[in-house]
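Chain nomenclature is as follows: A, B, C and D, assigned in order of appearance, with residue numbering initiated at 1 for each chain independently.
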Amino acid sequence: MNAPLTHKDFTTSQEVRWCPGCGDYAILRVVTKTLAEIGATRENTAFVSGIGCSSRFPYYVESYGFHTIHGRAPAVATGLKLTNPELDVWVVTGDGDGLSIGGNHLLHALRRNVDLNILLFNNEIYGLTKGQYSPTSRVGTRSPSSPGGSTDMPLVPGQFAIGAGSKFYARAIDTDKVGLGEVLKASHAHKGASMIEIYQNCIVYNDNVFGGFTDKENVKDSQIKLVHGEPMVFGAEQNKGLAFDIKTMAITVVDANKHADEILVHDETNKVIAQLLIGMPRPQFPVALGVIFHQPADPFDKTYYNNHVSGMKRTGNIKDVLRKTTTWKVD
Amino acid sequence: MNAPLTHKDFTTSQEVRWCPGCGDYAILRVVTKTLAEIGATRENTAFVSGIGCSSRFPYYVESYGFHTIHGRAPAVATGLKLTNPELDVWVVTGDGDGLSIGGNHLLHALRRNVDLNILLFNNEIYGLTKGQYSPTSRVGTRSPSSPGGSTDMPLVPGQFAIGAGSKFYARAIDTDKVGLGEVLKASHAHKGASMIEIYQNCIVYNDNVFGGFTDKENVKDSQIKLVHGEPMVFGAEQNKGLAFDIKTMAITVVDANKHADEILVHDETNKVIAQLLIGMPRPQFPVALGVIFHQPADPFDKTYYNNHVSGMKRTGNIKDVLRKTTTWKVD
Amino acid sequence: MTSKTELESVVIRLAGDSGDGMQLMGSQFVATTAKLGNDFATFPDYPAEIRAPVGTTFGVSAYQVNLGSVSITTAGDEPHVLVAFNPAALKVNLAIIAKGATILLNSDAFSSRNLTKAGYTEDPRTSGELDGYNVVEADIGRLTLEAVKELGLSKSDGGRCKNLWALGLLLWMFDRDIKMVSEWVSNKFAKKEVIRDANLAALQAGHIYGEASEISAYVTPIAVKAATFPPGEYRSIMGAEALALGLAAAAEKADRKMMFCGYPITPASALLHRLSQLGELGVGTFQAEDEIAAVCSAIGAAFGGAIGVTASSGPGIALKAEAIGLAVNTELPLIIVNAQRGGPSTGLPTKTEQSDLYQAVYGRNGDTPIPVVATRSPGDCFYVAIEAVRIALRHMTPVIILTDGYLQNAAEPWEIPDVDAIEPIATNDAPARDEDVERQQQAFTRNPDTGGRPWISPGTLDLMHRVGGIEKDIVTGHISYDGENHSAMSDLRANKVKSVADFIPLQELEMGETKGRLLVIGWGSTYGPIYQAVKAVRETGADVSYVHLTYIQPFCKNLGDIINGFDQVMVPEMNMGQLNTLLKDRFSIDPISVTQVTGQPFRISNLKKKITAALKAMQPGEAA
Amino acid sequence: MTSKTELESVVIRLAGDSGDGMQLMGSQFVATTAKLGNDFATFPDYPAEIRAPVGTTFGVSAYQVNLGSVSITTAGDEPHVLVAFNPAALKVNLAIIAKGATILLNSDAFSSRNLTKAGYTEDPRTSGELDGYNVVEADIGRLTLEAVKELGLSKSDGGRCKNLWALGLLLWMFDRDIKMVSEWVSNKFAKKEVIRDANLAALQAGHIYGEASEISAYVTPIAVKAATFPPGEYRSIMGAEALALGLAAAAEKADRKMMFCGYPITPASALLHRLSQLGELGVGTFQAEDEIAAVCSAIGAAFGGAIGVTASSGPGIALKAEAIGLAVNTELPLIIVNAQRGGPSTGLPTKTEQSDLYQAVYGRNGDTPIPVVATRSPGDCFYVAIEAVRIALRHMTPVIILTDGYLQNAAEPWEIPDVDAIEPIATNDAPARDEDVERQQQAFTRNPDTGGRPWISPGTLDLMHRVGGIEKDIVTGHISYDGENHSAMSDLRANKVKSVADFIPLQELEMGETKGRLLVIGWGSTYGPIYQAVKAVRETGADVSYVHLTYIQPFCKNLGDIINGFDQVMVPEMNMGQLNTLLKDRFSIDPISVTQVTGQPFRISNLKKKITAALKAMQPGEAA
């Protein structure tokens, strides 16, 4: 058993039960591959999920796994991580699971900065319950529960995460093996809560909703891959760049050749720019991918242990504690 | 009954049951006064609260009132407002009620932009349950549930609100009658979810936690009152100003006399600056008060009605609807 | 015309991949059946949760229908006809069909790959395991493609018409023409001409195939004559739809808006979907962020003067428990629908069960009684919904409606009710302002007979008041921490629920005499099988009667009297004995508990056995 | 030394504003009492929720103690001594004290303003309503200020020593010296010298006042001799503390970490507070964002190999119901403590009640049985906590502990247990890897006697597996939607809970014979009053026995046999009859249900009446 593990070692015997063509398959493949690449061990890895198509994930990863109840994965994972801080804990959740019913737990896991790698499979729809609109669905989404089109303003997961105080936010696309693999590794390396939003195509209920930037012909002009320390350029000829306009306090697209000096260099610790990158409207702007925001800070599980009188070890005994008060003897 | 109502008309017969010296009293007074000033009617006003000291509020306002359960006021208020869109609905919540157990409902009320005036009484503690630390308590808060000091990173309510997509966020201090009155009026005028964070002193469990900027001697140097269109100056001699440093992408304090041209003019629609103002660390910076962010947008209750086939009126009848399918007769 | 066999009733089961369109095929078959005047009952049997990979056993979706010229109350124990679209469908369903049944196989799906996927090591068509069945094969896939080939569709689009081809053949097998289905196809795809034409071509080809091909050598068309229904206007209805329409009808009868606040969950979502199409009836729907928000916004709506409704299944109802207590304490009308599914926890989300009765009756903190009613059949959902609203508005209380996954999706022919004949629903309207009484007190001055308080909503001039979850003074309605008052309020809440019994009808017997040896008591969707089982046993001359409960909390006033007239009581239910517990508590009796938790409805034959055995086991001397 | 009256037991009630320090005064009085060897029981009676304005009736805080040289099990029906710090305190408490009781009034608080605030139109000291009581007045406020005046405190700081002055006087009245309290004051304010000295001065002044002033003309010091306790080492203990220590002891006995995840709520918070001081025992506490997160993180902790514990009161337990079902389905050990309070909804948060029994036993979706145990007295909480953990770990199941607001805060003298004598708690440790069996299956290979599966936590080499809320195959532990398997798993879950009865002790009788006319069955914190009532009635020679339940689900195996030995059963409980329902269901009996929901413990005298009446009403011919 000393040979390095491969993605196959992280694959269970269970038949995968997603719709043919579902984006979840692609994500599963990249995740098991990444686990092997980062040298994870199966016994010290745990996947915790809620309920939804995406939340089936743990059944397919040969590690410890917990398919909990709808929306509660971050809470279960927090308890697990506090108990067992050496574990690598991954949370798998959907836009409904994590942002609708589970919004509060995600909020507080991010705020507390519990060292969890949180994978948000955003397909902008409730897959498992057959296609109702979700909190990330765009206004006007027609679904069984919004036959006339939804009117709720969607939540922007990245904005939510940063509003919650998250110190790590990255984005990737289900079928982009390289990009997804990279952010998975970065998230794993980050100590604290890291939130990865994965645009995942639900072929049955919301097919091609990300087509604007995932269709092959659009990719280069509609995606910008951020690399810390690198200038923000994109486009088929790498001829476009992102700049900051101080007057409007907004990001603009400039000609990368003419205005090379104005082009922003990606600094993942810059929260202001991160928020602007997250909020860039499509199709006027490309979608920002990669590690958008990352600010190291002590994770909750660490401060918790540091602050615990005995670091969760039993140093005293109940016999003594029972007597730490006035006692008297009767003979 | 045609004489304009006064704050007394908005006062109930119920004996007020807060601790002597609690900041809630001051807020109550300003709220009833403001209701009279804005010409609110008692029958078309409703106060909805959760559970907590602050959530006792509805009992003391002569209007319709609903003291619901812990954390759920925004949800109850949403149902009420959708049913009865002409009502002025005020939500009263605490930092525990609104941001701990009720975080999800607050999140979604703000996201959807339901036309509610949300008063968050932030005393950075759980008052009613006798002083445990809350999600806004600072790191190191000693409380019955954190005898060694809390280690959780606090949530910043303004950041949370903007992350949720809120279009209105303002701040005030319990005892600052004028400032509080102004933001109440602005919030009432805003159509959509408006979030007002009120720094409220809990004299029993967290006394003077805001002393850094509420103590008389500090007020001028530690508070900046924002007025849309006015430059951001503060200090005993109005000699300090806030500027934006493009290099660090941060706000800085400058000498208002020497660098008058650099001083930011408050534009409440500017989200980037709003977020920076919210996040200014104390005591290096003053605390920003007033309407910090405000971007008009259609409220949910409006788009909901616009999108409803009949605007929630009964235009058809069940007899016909029962027959909107294949039917057959048996004789 | 070929010769026909005439049958009184027949059970057909259609099975294929989730993507094969079994539910559509089934429901269109039923539409024709309905129009021809058969009685019927359907049972859609979905696969668990996710669309599984093609060809797997766990991806099989089935639709069962029982149609007859006689009265039909269940989807039938054992199908006489099975249509299997692939090996997996055959594998899963073979065990439950009747010996000698006709099996129509889509033979071109029986590739060795598909056989392996289904877990067959040998082809069942040749292995002998189909001996004794009447097996008919057709290359449905290929024949469909042939039928549509002139229309220029892609192979995959063309293949999607398979179910229509099979439907054509099925209609032929049951001696029906394709007119109704053709019309439906033409309407549905009015804007997509090619698709429309392809479906029509497939349908026709399948129908003609029956007539023309050698298939008629093996299968004789089966004719099932029209059933005798009382005169009236009929339609087909599913439980979820009936519930939605019943709620909307209640709103109309009460002349109030209705606000439905829900969060999707299987199998309750259908109600949200259907109600969100009923805007013209003054019905609003709100998809909340979770179940707690759903019930709370429904409570907010009720405070605002609309009939607040929320729905979920067990796990979601669990989340609503705290807020339901709030509705009890604030005395607001609220309807909570529980479409039960297999538990505990996530359990068996797509299977049916009746195991949330404890939760409905007891599942709250404190002494927090709530009226509970249950639906027995798809059409019954309409009436129970109205009754629930009536109780909620009369007594100003939340009311729980128990339905289940089976009923949500099952369909039956249903006489469209005469809406005018339904009594209007009275509301406790806001009183006039009485200057001698505090406003708060006016809002809590209850009707002594019903315990109902006035329903005063914001916007009402000069009757402002405050409500909340803390105990209230029984007279003034203000907060009260007084012990004696709490005791009085506890009685008031208990009596309010008890008083419901003063207004509802007396319990009727479904069948049998009011006194005798054995009384079977059922509730909910088990109505169909229990009815048939009791009927069958009675036909042997046995002394057994049958009561089926709509009102579970409180029970009808005379239920105790009925029970006392029998030597023994039997309680069949799809749980581990929950109604049984309730009956023991309320009537100090010791019934025979018959339980089944397999996620499937009872089989008539099993119940018959239980009843017969019980009668046998009773001492002859024990007669009443 | 003045003369003394000797009493066997005496009930004292201290009442004043929330800010007057009644709880502190009471607990210090009790500390002295304990040390002197009296038996005692206390009942802190807090005002509702918020600190109310000074002088109002709803702001009155009280502390009652019953001390005796005889065995004491309740805080007493009717106080013999009332200390009233203001008119409101007098007003609220007058109705419940014994006729002829001694009332010590703080007379300088009887200003006309305070009288009005308390709702008096006339001064009760002169209106005649105190006739028949032994009223003693002292200007406590003024005398306190005088006592501390040399220390230079502000008037308000000085005034805060009032309770110490009164305590001094009270100690004199009960013939106790001030030594222990002095030591406590010196310790507590070691760093605040002025405050320390002021409190000491006040204490002494009050004590001396008794001796010196003319008060001794009206009051004779009362001596209550030491009670006879079995030999041992004793301490005073409150219920919440005993529960916390019991949980920590269980973790030690099982040699596991404990993770307590909670969310504050009255009256359960005390457990969170106390456990957060027990870090040295390997106990972690986590204050979650809400109750759902609390139970879920406790479940996560249990999955991680720690004993997961969560606690709340009714409304919070309601929120946990869905997740408790998850713990059942995943077969993880989890302790859920419910410190019950008055319901429904927010109800009466600071008052005690036993109305969450239904919720504990039935309050979940699906057939989801869970063991339920209940605590009867402060010290008993320690043992019940250990027992609950033992059950959870043996059977791999969540266990609910029912306690209540009264027990959380009540104190009694308690023999410190010999921890070594407590049997270690066995855990279902991870097995060795068996290559012939799938890993998943190893995690679900259950002990046939207990139903417990191995507790395998992440980090364990080569035993990786997945758990979840969907139904599992009974053998392999993989997801299964099979109906027969679900049925088998439903039986397994039911049998697991039933099997608890094979391991717990048999039910003991508290008092009386195993056969007879009347059996009283109690549970929870009503132990004290029922015990005394049955004892008193038995002393009249009546045929009544008493059983008090710790194990509620399942009941002890022999409970049915015991019940069958009696003609009639009586069930007193502080709810509307919940245990009664359970007993009817399980034993098909029809007990007399004695209920009380006033937010206060039972009075012995009331129970005595009920028992006597029941015995009288029984036909003499009905003897067993």
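The working rule: a contact is a pair of C-beta atoms (placed from the backbone, for glycine too) under 8 Å apart; a residue touches a chain by one contact, two chains touch by 3 or more.
Bear in mind the structure is a predicted one, so any value in this text is a computation, not a measurement.
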In terms of CA centroids, furthest away from chain A sits chain D
The larger set of C-beta contacts, choosing between A-C and A-D, lies at A-D
Note: chain D sits from chain C at a C-alpha centroid distance in Å of 45
Expressed in whole Å, how far the mean CA point of chain A lies from that of chain C is 39
Chain A and chain B have mean C-alpha positions lying a whole-number Å distance apart equal to 29
Multi-chain contacts in chain B, i.e. residues touching at least two other chains, fall at 51, 69, 100-101, 103-104, 107-108, 135, 148, 152, 304, 308-309
Among chain C residues, those touching two or more other chains are 58, 279, 289-290, 292, 315, 322, 325-326, 330, 345-346, 468-470
In the complex, chain C touches chain D at residues 48, 58, 292, 313-319, 321-322, 325-326, 328-330, 342-351, 353, 355-356, 358-359, 361-368, 468-471, 481, 483-484, 486-487, 490, 493-494, 575-576, 578, 581, 584-585, 588-590, 596-600
The residues of chain D that touch chain A in their complex are 31, 34-35, 37, 180, 229-236, 245, 248-249, 251-252, 257, 259, 261, 278-282, 284, 286, 288-290, 292-294, 296-306, 308, 322-323, 325-326, 330, 416-417, 419-420, 438, 457-470, 478-479
Listed in rising order, chain A residues that touch chain D in their complex are 12-14, 42-46, 48, 51, 58-59, 62-69, 72, 75-84, 86-87, 104-105, 107-108, 304, 308-310, 312-319, 321-323, 325-331
Chain B partner, complex, touching residues on chain A are 100-104, 107-108, 111-113, 135, 139, 148-149, 151-156, 159-165, 244, 246, 249-250, 270, 272-273, 275-276, 297, 300, 303-304, 306-309
The residues of chain A that touch chain C in their complex are 15-20, 51, 53, 56, 69-71, 100-101, 103, 126-130, 132-133, 135, 144-148, 152, 204
